Structures are given as C-alpha cells and as structure tokens.
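Listed next: structures, encoded as structure tokens.
Note that chain A is present in both complexes that follow, paired respectively with chain B and with chain C.
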Partner chain A sequence: MAERLIIETIDLWKTYDGVEALRGLNLHVPAGSICGFLGRNGAGKTTTMKILLGMARPTSGQARVFGLAADSPQASLEIRRRSAFVSEEKELYSYMTVDEIIRFTAALFPRWRDDLQERYLRKFELPLTRTIKTLSRGTRTKLALLLALCRGAELLILDEPTSGLDPAMAEEVLQALVRHGGGEELTVFFSSHQIAEVDQIADHVVIIDRGRAVISGALDDLRESFRRIQFVFDGDAPQTTFRAPGVERVVRKGRVLTVLSSAGADAIVEEARALQPRSVDVVPVTLREIFLESVSAED
Partner chain B sequence: MEQVKHAIETGALRPGEQLPGIRPLAEELVINVNTVAKAYRELEHEGIIELRHGSGAFVSENARAGKLADTLRGAQSMVAAAIERLRARGLTADEIRRLFEAELARLSRTGRRRG
Partner chain C sequence: MLWYKSWLDTRWRFLIGLGLLLCSAAATVLTYPQILKLLQIAPQNVGGVFAQQIRESVELAREYRGYVWSNWFRQNLAQWATLFAVLLGTAGMLAHSGGAIFTLSLPISRPRLLGIRAATGLAELFVLVFAPSLLIPLLSPAIRQSYGVETALIHSACFFIAVSVFFSLAFLLSTIFDDPWRPLLIALAIAFALALVDKLLRAPAFSLYRVMSAETYFRTGHVPWGGLLASAAASALFYYAAVANIVRRDF
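Then we have the complex of A and B:
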C-alpha cells in the first residue's frame, strides 16, 4: 500500500536532562487522514509534536514532515509555513484583542481564508474587543483553531485541543475538524486523552507508550484485527506459550486463560484446541481496551 | 450505514431521493469524512444507493424499500423463539447476547476469508 506520508519519523530518540522522552519512535501519518495520537501523560506526545515543528531537536533519528527534514532550520521554516499548530498552552499574545490577533495573523499568510474567518467568528461567538488574557480556556482554544484553519495550512497539529473544554465546546471543535480535515486538503494530527473522541473523528490512530509507538494504523483495521479470546478449562488454566502470530498478551487467572490478539484469532483458537478448553469465546475489542492493554503491557 | 438503510426501509428515504453530501453529513454527525465516504461506497456496492459523479448520492430506484421491513418482522419471531429456548435452558440475557455477538464475529471473520 503506497500511501503518501505527511508525517514520518524513523527511530526517533529524544533525551532531556537524562530522561528518555522518545525511545525509537516510528510514526506514520498518511496524507488526508485524521490521526489521533493517544498516550499517557509523559509518554512523549508533546515532545513529538515539538520536534515535528522544529521547536525541539531530536537526539537521534529522523523526523520528516511533507518529506522535509524537521531538524534542518531551512526545511523547518517551510514545514511551519505549510502547517498550523494549536498547542495545549495556547501561548498567544495575551495583551492583544481577538480582533487584533486575527488581523495580525491574517497579514502574515497570503492564503488567508476570509470566508472561514467570518464563519468561525460567528460560529464560535468570539468577542472581538476582548483581550486574549481575559478569555476562558475554551474560547482561547476556539480562537487558536480559527487562526489555524484560516491560514490555509495543509497540516494541522493539535495538542489536546479539547482538554478543559465543556462537552458542547469540545463538540464544536471536533465538528470544525471533521468539516475541514481528512481528504486531500487538510491532514489532522491531534493528541487526546479522550479515547471516545478519537474513536469518533479519527480514521488513523497511533498509541505511544514510553517514547515508542505501540499501536499504529487505520482504525478500521485495528477494530477488525483485535480480538479478546477467552478459554475456560476444567482445572487451572495451563501454562502455555502460543506459536501463532498476533498474540499480544496472555493472562491466566484460575480456570480462565485470556488472550488479546492483534491478528489471526482463528489460528490461536486452533492452536489452543490441543489444550482441550471447556469453552472458547471470541469477542471484539474496543479502542479503549486496545489502549489500556497496550500501554500497560510492559513490565 | 445502518441509519441510511433504516431510513430507506422505513420509507423516510425514497428511491431517487438525494442523500446529503459526504462532507456535510460528516459534519452533521461529527464523524470522519473518510468513514462516511466508505459507508457510501459500501451502500453503493450493496446496490442501495447510486453515486453519480459530480451530483452526489441517490437512493437506488430498485432499493428494496419497505420490503426488508417484512423480512425483519419474520426474522424477529425466529430470534424470539431462539432466545426463548436458550432461556429455558437457564441462560441469562447477558450470556445470550455474548453468544450472538461471538457468533456474528465468527461469521464475519470467515466471510472475510472467503471474500
């Protein structure tokens, strides 16, 4: 499958003050996707975004955005011209009014979309004359999103865009993302702790744990391929090692042996037949379960 | 997808009528545009809708509007009978639900291998 990648990292490492924030991250975000980036606090999500945007340098490995090297100062300018970033901190110029920052930003970008500016000023009900420092967190997020969308960027990177927003505001933000993102014009890469919202609007997902991508791919493929298989035995579940591929995790508890498989549940069931289980259950797994299993799998 | 099928079956959508565009529907439902596009392609593959280049998606003239409602009513009594027998054997609602889900998952796996 020859998908064009908008973001690609190869064996990316980042060490800050002796702490390994990224430990060989391999990231693939295909063009035209809405890609959700999940991981626990401290897993390396913000560090990854900063490296992609040239705001931090990798210790080793490669990061490419639009095929350009993110650690080259010149290429990074080009990357930042073609992408927009909505950071968790939303460090906008806090003394400016809403109107001032919009005019200021519009002047910097020749492809500025006046139509979107009008639309989202109305839809987000942004108060033009208020200074940014007096805005609520949700309103500030919506302002940052307006600025990002109006720039006509090809890539939108958002660091936890809905954190701290009430459900109605979060829905407005998600709605704007699905209206403009996905498809040829705009690729979206966003981090979140809300697994449900990733499930809802993303078509690709990357789960990062301790600086490494543990799950990566199209959400439909993950839903199709992950299964929980439960074997119940007459006596204690046997100690066993599966040869079949796709075994992610095996848990023995009393008479029950539970296997989380990422592919080929049938082969696993077939292999377990020799152990003569009393019953076999194969059930689909939600993204939430995939997340919880994959981030707690180590140690 | 199920919503569109249901709307056709109940007559809320009639043959020849136009469906919302992919992008507006994605926005309305707040779901990924590629998911909607995929659902439309599958509906087209099943002969339920027609995608006309440049003008959008329409309910097929020969979509079995309403017919499925009868089939479903018949099926419902079959399911009811099966559930009744399982309950008579002492299975709980949860156990029955899990059996159905596991069986459907198994069927979709073997179906995929064939296809």
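Then we have the complex of A and C:
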C-alpha cells in the first residue's frame, strides 16, 4: 500500500526578483514520520516551509499539505488549523507576557492541550509574567516550541528548532519532539544545520541543494544503500569508469581507489574484480558524509 | 483575542493621543477669556495671505461658537487628529511588526487580520475625535459660555469621516513598505501638502480639510454630504487596495 503523504510538492518553483529560490522541488513526507530537512544556507528550506504554510506563493508547480493545495487561501487556512510552525527567528509579540501569548494562541486552536501546556511550562521553566522582549533567545525558542506543541497539531513544521539553545536544552527539545512525535498522530518536518540532530531523531531525510531535493528517503534506507568502497592495489590505482548504478564519486589517491555508492556495494565490488585489487573494504557512510557529498556535487 | 492583540499593538499611540487631545480641548475652552482680552489689542491692518487668515480668526473668535470652530475643529483637532490618524494607521502592521511570521502561521485569513486591525484603529480614531470634542460643551459652562452638544457631534462626525482618509492612506502605505518610517513620513508629507494647499487657496471647495472642519455646516448649516461621501469612498478605496496588496504579497 502506498504511503499516505502529509507533505507533497511537485516540480515546485519559486522566484524572488529574478532569483530562483526553488527549482523544481519534489518533496514527499509520509504521515507519522519525523523528517529532517537538510540544506546549506540559502538552499530553499525556509522558502519551502513558507510556501507550505501559505506565506509565499509558488511561481509554478504544486505544494500540497494534507492533500490540500497550499496556494489556495481557503485550503491554507485549513492547513494552518491543523499544523504548527516555529520560525527560525522565533519572533513572537515582544510586548506580550508569556501568559498572554499562551492564552492568545490557545484561543485560536480548539484542540489546545492544557495538559501539555502545564508539562512544558514546568519542563522549560518559562516565566509566565515576563514580557517576551525580556526573554533570552533560548527561552523564546522554548516558548515558541510550547506554542507549537500544545496546539494539537497533526503537522509540526520547525525551522531550525534548536538554534539558540545550549546543548543540554537542545537535547531536551529533541527528546520532547521524539516523545511528542512518537506518542501522537503527528508528522514532524524540521530543518536543521545540525546533521547530528537529524541523525538522532529523524526517520526520513530530505537534502535540498540550490532549490532541488538531491536526496530523499527513509534514513535507514539511505544508511543501507550508501557505501564507501575502498580498493587497494599493488601499484597505482587504475584509471577506470564504473558502469554499475549508484556511483556518486570516484577518488584515486596513490594505490587507493575510493568509490562512494548510493546503491550498495555488491555491483561495484563485482565490477572491480577485473581490476584485481589487493584488498577491498566496504564501510557504511554517515549522514554527514552523504550530506556533504550531495551538496558539493555541483561545486 | 485578535481584537486584544490589535489593541495592544496600538494602545500607546491611542492613549497618548487621547491625553493630548483632551488637554488641547480643555485648553481651547479655558483660554477663551484670555483670548477675548487679547482681541482688543489685535492689529487690524496687516496684509498677506496668512495675516488675512489671522484676521479672520480674530473676527471668528469674537463669538464663542466661531472661536471653537476656528481654534478647535479647524486648527488644533485638525493638526493633532491628522497626526494620530496616521500614527494609528501605521501601527502594528504585518510587515513591520515583530511576530509577523507567527501571525501568518495562525489559522486567520489576511483580510480578517487587516479588517480587525482597521476596525480597531478606526474605533480608536473615533474616540480621539469625539471624546475631546464632547469635552467642549461639558467645559464651556466653566467659563460662562455654552456650546451645543448636537453641534459638537455633527462637527465630530464630519471630522471623523474626513480624517479617516489619512488613516486609510497610512494603512495602505503600511502594506506597501516593509519599514515603519516610510509610510509614516509619506502620509504626513501628503497631509502637510494638502494643508498647505488649503491655507494658500483659502479652503477650496475640494479641500479635505474643509470637509474635516465642516465649514459649510458652520457657515450655512448645511452638512457637506458630497465631501463626506467622497472622503468615505477614498477611505474605502485605500482600505480595499491595502487588503488586495496584503493578500497577494509574499512574506
């Protein structure tokens, strides 16, 4: 049975004043997943999130959330009713107190979770009577997360949710997301520069580069399919071109030939037998290596 | 809660404006006895456009009704209320208020957001115009004068409808520019230019300030319906342009 998609974009383009922010983005986020959205600065992560929430309109292509067209004003209202967003800047109403903004937000969401509100107020140690402008960036981030987590949303869209947090608090937030995501009918779509964070909590990953998804899929599948294969020869490594599928990169250095594959190692090892390597070593590839490889491919 | 947020966005401008205008209205009334004494030594034979207007003000001030109209509805209220109409029109707009992205992530349509923001601003402007103007009939007995409540209400209503044009203009400009300063400065520059034209051409028939002060009502007892309708139409046009602009733009 096909996976139910919560977020789907098809050939999505967005141009701002002649600059292409998105260039045919295809994105598939399955229901119930925790999907990490990785990309360099300016790759199009925030633009994608804004289009999904109706804050920006696509130049062409389609963006669907819960099967609803994100560029339709009416559908966008329904999307925002069922989702929560935390922006990278965590900008909230600076003149409101913590208590006021919680009451303000709760009033707009009939499924607001008072139990979660109490839990996160205690856990994040948020001062109810302080105005937001007096809060540190970290505390503001925690407040923004509380406002998102308590809405009873089916989809959390988080733009760099842990930016501005110390490592201990970042860990606490990540754990909260995992618990929240695991225990609820919830899909989490979050961007991050911290690959370790994505590695830690995501079960799906999308890597975006220059407005296009270059890698997309379940993290376990990626870990399974990406391999680094190292051949050591008696003399200098031979110049060769592999015909096997999934060869992402070939590096020759003295007696060593290294191949990065996105489709397992078997076919490449088999093909390399004809070159008579002295030894063959197949090692798994980390998400960090996959990321660096995929975003540097066009450089 | 959206109304409450809108109130929080604008409350300081409104409260400062209300305080200033109430003081100004009270001062207008309470200084009338001194003005009457000064009228006796006012020069009669000076030339020039502005001197003519001063002379006209002096003549109007000989009668309390004329004094209130000239000093309050045509001058003090016109200056202060125009300033605060522009300030209220530019307060807390989406593009330059902290938390705009947070607001846009909430399940509220942009036209509704703007509608509530405009309604709050207009309600505050209504109070800024009516409250100090109604203070005048209340305070007048203190200086042994009287001013009709009905007259104050009619002048206030005309004033409110006309000054709303500046509110709506500032509102529209705020949806065009991302910073809070340009809408404010452009709207004030336009208000100043119109005031200058009004002074130099001695309140021509098409003048917004003439409608604002309800000069025809003061002089002839006729409400300036044409000017009021034109003002309301201009306000509505600016408002719909603001909504159309905010609905189509990216954030």
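The criterion applied here is as follows: the second predicted complex is superposed on the first by the 293 of 299 C-alpha atoms of A that agree within 3 Å, B and C clash if a C-alpha of one lies under 4 Å from a C-alpha of the other, contacts with A are read in each partner's own complex, and residues count from 1 in each chain.
One rule holds for everything that comes next: a residue touches a chain if its C-beta (ideal position, glycine included) is under 8 Å from a C-beta of that chain, and two chains touch if they have at least 3 such contacts.
Everything numeric in this text was worked out from a predicted model, so none of it was measured.
Novice: When the two structures are superposed on chain A, do chain B and chain C clash or fit side by side?
Specialist: Taken together on chain A, chain C would fit alongside chain B, as the superposition shows.
Novice: Between the C-alpha centres of chain B and chain C, what angle is found at the C-alpha centre of chain A, to the nearest 10 degrees?
Specialist: 150
Novice: Applying the touch criterion given at the start, work out whether A:Asp234 contacts chain B, chain C, both or neither, answering first, second, both or neither.
Specialist: neither
Novice: Once the shared chain is lined up, is A:Met55 touching chain B (first), chain C (second), both, or neither of them?
Specialist: second
Novice: For A:Asp115, select first, second, both or neither according to whether it touches chain B, chain C, the two together, or no partner.
Specialist: In the superposition, A:Asp115 touches no partner, neither chain B nor chain C.
Novice: Is A:Arg81 touching anything from chain B or chain C once the two structures are fitted on A? First, second, both or neither.
Specialist: So A:Arg81 only meets chain C here.
Novice: Check the residue A:Ser33 against both partner chains and state whether it touches chain B (first), chain C (second), both, or neither.
Specialist: first
Novice: For A:Asp266 in the superposed arrangement: first (chain B), second (chain C), both or neither?
Specialist: It touches chain B, and chain C stays clear.
Novice: Between chain B and chain C, report the minimum C-alpha distance in the superposition, expressed in whole angstrom.
Specialist: Superposition on chain A places chain B and chain C at a least C-alpha distance of 26 Å.
Novice: What residues of chain C sit close enough to touch chain A in their complex?
Specialist: 1, 4-5, 8, 97-102, 104-110, 247, 250-251
Novice: For chain B, which residues are in contact with chain A within the complex?
Specialist: Residue positions touching the partner: 23, 26-27, 30-35, 38, 98, 101-102, 105-106, 109, 112.
Novice: Of all residues in chain A, which touch chain C in the complex?
Specialist: So the residues of chain A in touch with chain C come to 16, 50, 53-57, 73, 77-78, 80-81, 84-85, 87, 89, 91-96, 103-105, 107-109, 144.
Novice: Which positions of chain A touch chain B when the two form their complex?
Specialist: 32-34, 171, 174-175, 178-179, 181-183, 200-203, 220, 224, 227, 265-266, 281-284
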